[in-house]
Amino acid sequence: GDEEGSASTGTTAQAADDTVDGPVLVFAAASLTDAFGEMKTSFEADNPGAEVQLNFAGSSALREQILEGAPADVFASANGSNMDAVVEADQVSGKPDAFVTNSLQIAVPPKNPGKVKGLADFANEELLIGLCAEAVPCGDFGREALANADVKASVDTNEPDVRALLTKVGADELDAGIVYVTDVKAAGDDVLGIDIPKADNVVATYPIAALAEAPNPDGAAAFTKFVLSEQGQAILADFGFGAP
Amino acid sequence: MSAARRQRVGQRPPLVLVTLGGIGAAVFIIPLLGLASRTPWRKLPELVSSDVVVDALRLSLFTSLLAGIISLMLGVPLAWLLARVEFPGRSIVRAVVTLPMVLPPVVGGAALLFAFGRRGLVGEPLNAATGFLMPFSVWGVVAANVFVAMPFLVVTVEGALAGLDTRYEHAAASLGASRLTVFRRVTLPMIAPSLRAGLVLAWARALGEFGATITFAGNLQGRTQTLPLAVFVALESNRDAAVAMSLVLVAVSLVVLLSLRDRWWTRP
Amino acid sequence: MSAARRQRVGQRPPLVLVTLGGIGAAVFIIPLLGLASRTPWRKLPELVSSDVVVDALRLSLFTSLLAGIISLMLGVPLAWLLARVEFPGRSIVRAVVTLPMVLPPVVGGAALLFAFGRRGLVGEPLNAATGFLMPFSVWGVVAANVFVAMPFLVVTVEGALAGLDTRYEHAAASLGASRLTVFRRVTLPMIAPSLRAGLVLAWARALGEFGATITFAGNLQGRTQTLPLAVFVALESNRDAAVAMSLVLVAVSLVVLLSLRDRWWTRP
Amino acid sequence: MTSVAQTTAGLSARIVVSRSDTFTLDLEVAIEPGTTAALLGPNGSGKSTTVDALAGIVPLDEGRIQLDGRVLDDPDAGVFVPTEQRGLGVVFQQGLLFDHLDVAANIAFGPRSAGRPSKQADAIARRWIDTLDLADLADRHPNRLSGGQAQRVALARALATDPDLLMLDEPLAALDIATRTRLRRTLAAHLDYYEGPRLLITHDPVDAFLLADCIYILEGGSVTQAGSVEDIRRRPATPYVAALAGLNLLSGINNNGMVKLNDHPSQTLQSADRATTGSVLVTIHPTAVALHAEQPHGSPRNVWGSTVVAVEPLGDITRISLGEPLPLNVDITPASTELLQLKPGATVWASVKATEVNLNPA
Amino acid sequence: MTSVAQTTAGLSARIVVSRSDTFTLDLEVAIEPGTTAALLGPNGSGKSTTVDALAGIVPLDEGRIQLDGRVLDDPDAGVFVPTEQRGLGVVFQQGLLFDHLDVAANIAFGPRSAGRPSKQADAIARRWIDTLDLADLADRHPNRLSGGQAQRVALARALATDPDLLMLDEPLAALDIATRTRLRRTLAAHLDYYEGPRLLITHDPVDAFLLADCIYILEGGSVTQAGSVEDIRRRPATPYVAALAGLNLLSGINNNGMVKLNDHPSQTLQSADRATTGSVLVTIHPTAVALHAEQPHGSPRNVWGSTVVAVEPLGDITRISLGEPLPLNVDITPASTELLQLKPGATVWASVKATEVNLNPA
């Protein structure tokens, strides 16, 4: 419900304190679940007329949906390649912005039965080691980190996403895996995080973009802007994400 | 005949069958126990009483039921055509019916997008003509459920039709019943147990459906987020909640199936 | 009887059934066309001839087949027990069998881990005693497939058994056949069409199985990466490859099911 | 073979159906409205196949079926009226009752299918339930009926359709003697005011003799004799028909009252009939043969020695089967059987008067 | 009711089974080894239920089944031997052939189940195939057989098990007349050298008279008469048995040759039998009743006027059913029927000699 006249958002995005309204449909990578939940609350507080609808799925599924004409306003991907595909299809309005970074951590079961200390242990064939699959963001970055540390990992499984990897580590079925810092944080007591030295670690960058065919272009722009704003960045930091 | 008496008569089923069947049952019971052993029973009531769960449960019940009914209405006639009418390409249609079972669910969802999405084969003209868009709506959930669940009904019912003695249908025709009447009043009642089995399979499959739904219909709380999708989201942040919600699914299906009782399963 | 003659006799199936059945078939055919319309036919041979695909296909065929056989060996006796033997908790077991269908696949996989994993209810003692570890091995894939696929067989076969006239089994017993012989030589042949339907369902479901497999058995090329898993991974990076590999799955299932022909589906 | 008049009313059909490599049915039937034809024949001779063909369950390979001027099946013309539009009432040999419906609903099925409102259909069913004494069983399901009860329900179900063509495939086979007699009368009474043609299949000559106006004998897929009850009884053309009528049948060549038997060249029978010459069928009534312990002297012209093959007490009479040189059935009183001490293997003298050796042209 | 001797060899059973609220079977049977008992009774009287109980398909509610000293079912003692261990051969009323097996495999099923190697089982099957003339059908599936062919297969299948107890539930019902006669003989011959007890269910008195040593009459779940063939034929105790034997049965009270009839109080019959006094069963043979157009004068002591209810030509004889005041069946020759111009509704005079009014104690 909006009042006649106050909705003077006809032309371009105005000052930050101009509010937007209507539904804003945000397609966000599953790893952003908690952070974007918070983001929605704050954004709606600032824009009482707006309603953020979050659609969480794997980045690739989201990409597919957007390419097939999903009526999305914003796409927040967990890696560049899925965003690139959307850009290539001319589905992005303007250019994507990097909005957070995420670095890697080793996840081990709470009691660390494999006595894992660092990436070097990934070469131990005795241990059950899991990574994310190649092309999955955390998979590519994890492999890069191992390469940096010059470790030839004896991998037992390439998990489809971080969640699956964490489930197995948490269930003590794997001795170690490489995931994002934020994932370890979100998993709470289920897993234990072991830091990877700066030298070997890799920083992943998440892009966000308003979409070309957004049904609510103003909302899309406003939400994107909010995520990049100080307030948005603060929320992301709370969940362990780094600044871009 | 008294129950005790009946028991006495039914004594001593063959050991092989009991052993193999017992192992078969264990395949299902042990994982259930495994799940139960990791369930935060104390926190359960709190975990499953959130808005998210209630919304998702309501949506799941509605869509799975509707999908079951649609599968029944379309799948039974399809099974009948496959079993009783010779038409060109019949064996291809029969094979294509199993498609949704072999496609990875995500690909199944993508195929649905290719077909019924805004840029899809059928979806594009449909959208242009009527403005109707199936994905990201509750109808998308139902469509994904039907797509994934109906094959089970079709294959089960066709199997039962193939095993039916057609002489009863002939007898009904000789009494003046049209093919439709024969179908309704003789064929269907005679395969009732398999029909029920197929319906249970389809409904349960729809209730648990995940991959095609999330890809085709999206994952919007209150609109397209069914219970399995909610479980997926919960897994991201709160494993306990995810397990708890899974148990809700299990409980729903147990309650429904147990309420059907033996009467539903056995010959009148 | 000549085919033309037979056709003349089988003419004019009821319009309602043809219409509904046709819509039912469209539910499967249109998405398949959708998939075909996005398939990079030119690049197809190249896309599907990679090591990854060949490995995955081999593994998928092996595990789905094995899962089908195991489902048959355990599921048929289980269905028989459910249909023919009264035992306490029967209706609970019957309901629990549908568990894998309603659990989101990932939760299903997790339940398997809780049961047969390294720290699982059964897995832990088993591992301690024998060193055998099911997850991350091909046996894990088979186990996940059986867990997910067997319910279809059990429910289908139980439905058929419930619809069977027991007087034939009594007649066989009167000829001196033990219950096992009756089961083998009378019961099973009499429900053959439903048995086949159940087997097709179970096999196809195992062939397409994704969620529980990846969760329980992991995803390692050549060891546990089945075709649906490979498709999933490919989706992340190369949609064309993913679509191409999905078509391989579809083709495999079409070829297998078409090769069974009508003979397999109809009464002798 | 009889030629079929192409009447417009009633049934006229030529039926050619090949069921397997070894069996082909090929017959012509014509049944006038209001009359009953009985179809009799050995097992596997094609009686039920005839029903299937007339009902449209098995399509004709050749021929043509016409009922009241309507062509129901004609492969040459490409006409085939499906079963449900033929207006039939059929009692199938296997019963084929619907186990999922109770008795009343089974009987009401036909009227319901004909589009009658369910009240009316129930009323019709109720009438037949009463007529066939099924009131106690009305809400029983057929799988809970005894064999004879089920058969009565099948009969009621067929009659309740008020059909254009009624076909009864052994409708009385499983019935007890009293029920059978009663139902035979019920059936006869009903058929009296039923106007369509009807086809009755039976193994019991009594059924045929009591209920049929005309009898077709089917053997090996072909009609071997057709005619009135009297024709069939008096002049059996095949051993099957003779057995049906309870007669002994032989074939031979008559030469002025001396009949040389075809299958028993050593035997010659004297007959009083000198008019029927050439190839003849010989019938001898079982009671016309007398048995003696010693060689008899006196009037009978045919006397020969033989052995007893079987002795079967049939109630009021005992049937003796004689062996070579002339296998005949002989009916005598149980008293005589004892008197003569007839046992299988016993030697006896048989005699038949020349007047009892009946001849018909072959 | 007859009391059952507790012999160790053969079958002795008391069977109590409640099938529904309205039907309870309660009977005792004893069958000596090597003898055949026939079970006859109206439809729904419990014959097939008796088979089911003896076969262990329906458990006893009360009673006890003992075969060759083995207890097969005894609810009080908690004994129940399952069907497959009872050593049975059963021809079920519904046939119940296995459609998925061919005829040879159906017949070999029993021997195979008994653990015989398949060669041997096939040889046994082959023997029965030959005996029952099924060679042409050996590799046919039962759903492709005619009704009578199927019944022969069912018979072969039961006989091939070489059972301890043979039960035949209407084994000849669907057979044509010639096959029936032949099979009756085959069966009789086979039973002669078969040593176990056997139970034959039939509606055909001829089957019973020819094949059975002893007859049980079952009506409404209870045995109403049991005895030798002669007993049953000579002294029917119920109207059903009388109808079976083809006799008229009445009951009354004899007072010095004057029998007051219970159901027809206005009628009194004179009988030559003055010895059997008190309550008696009266039997009159249908041929013992003479019919006349005018009131006869002469020797017969019993003469009354009546109306014809039905006229049924049965081949050599015609059966006339008389109505009030004394419903009787009368058999006369077709010639007399024509002479008297007997039609339903006609008025006739009936007469019976006092010597033909047979009395038995009730």
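The first chain written gets the first letter, and so on, giving A, B, C, D and E; residue counts start at 1 in each chain.
One rule holds for everything that comes next: a contact is a pair of C-beta atoms (placed from the backbone, for glycine too) under 8 Å apart; a residue touches a chain by one contact, two chains touch by 3 or more.
This is a predicted model, so every value here is computed, not measured.
Note on connectivity: the fewest steps through touching chains from chain A to chain E is 2.
Seen from the C-alpha centroid of chain D, the farthest chain centroid is that of A.
Chain centres computed from CA atoms place A at the largest separation from chain E. Remark: chain B and chain E have CA centroids separated by 55 Å (rounded to whole angstrom). Centres computed as Cα averages put chain A at a distance of 87 Å from chain D.
Centre-to-centre separation of chain A and chain C, using mean CA positions: 35 Å.
The set of chain D residues that touch two or more partner chains comprises 56, 82, 94.
For chain C, residues touching at least two other chains, in rising order: 6, 12, 106, 110, 113-114, 178-179, 190, 192, 232, 235.
Residue positions 61, 64, 163, 167, 171 of chain A are each in touch with at least two other chains. Listed in rising order, the residues of chain D touching chain E in the complex are 19-20, 22, 40-45, 47-48, 93-94, 136, 144-149, 151-152, 169-170, 173-181, 185, 203, 205-206, 209-210, 233, 239-240, 243-246, 287, 310, 312-316. Contact residues of chain E toward chain C in the complex are 55-57, 82-84, 86-90, 92, 94, 96, 98-101, 109-110, 112-114, 141, 157-158, 161. Taken in their complex, chain B has these residues touching chain D: 167-168, 170-179, 181-182, 185-186, 189-190, 192, 268.
By the touch rule above, chain C contacts chain B in their complex via residues 6-7, 10, 12-14, 16-25, 27-35, 37-38, 73-75, 77-86, 90-108, 110-116, 120-122, 146-147, 150-152, 154-156, 158-160, 162-163, 178-180, 183, 190-198, 200-201, 204-205, 207-208, 210-211, 228, 231-232, 235, 242-243, 246, 249-250, 252-254, 257-258, 261-262, 265-267.
On the chain C side of its complex with chain A, the touching residues are 106, 110, 113-114, 117-119, 135-136, 214-215, 217-221, 224-225, 229, 232-239.
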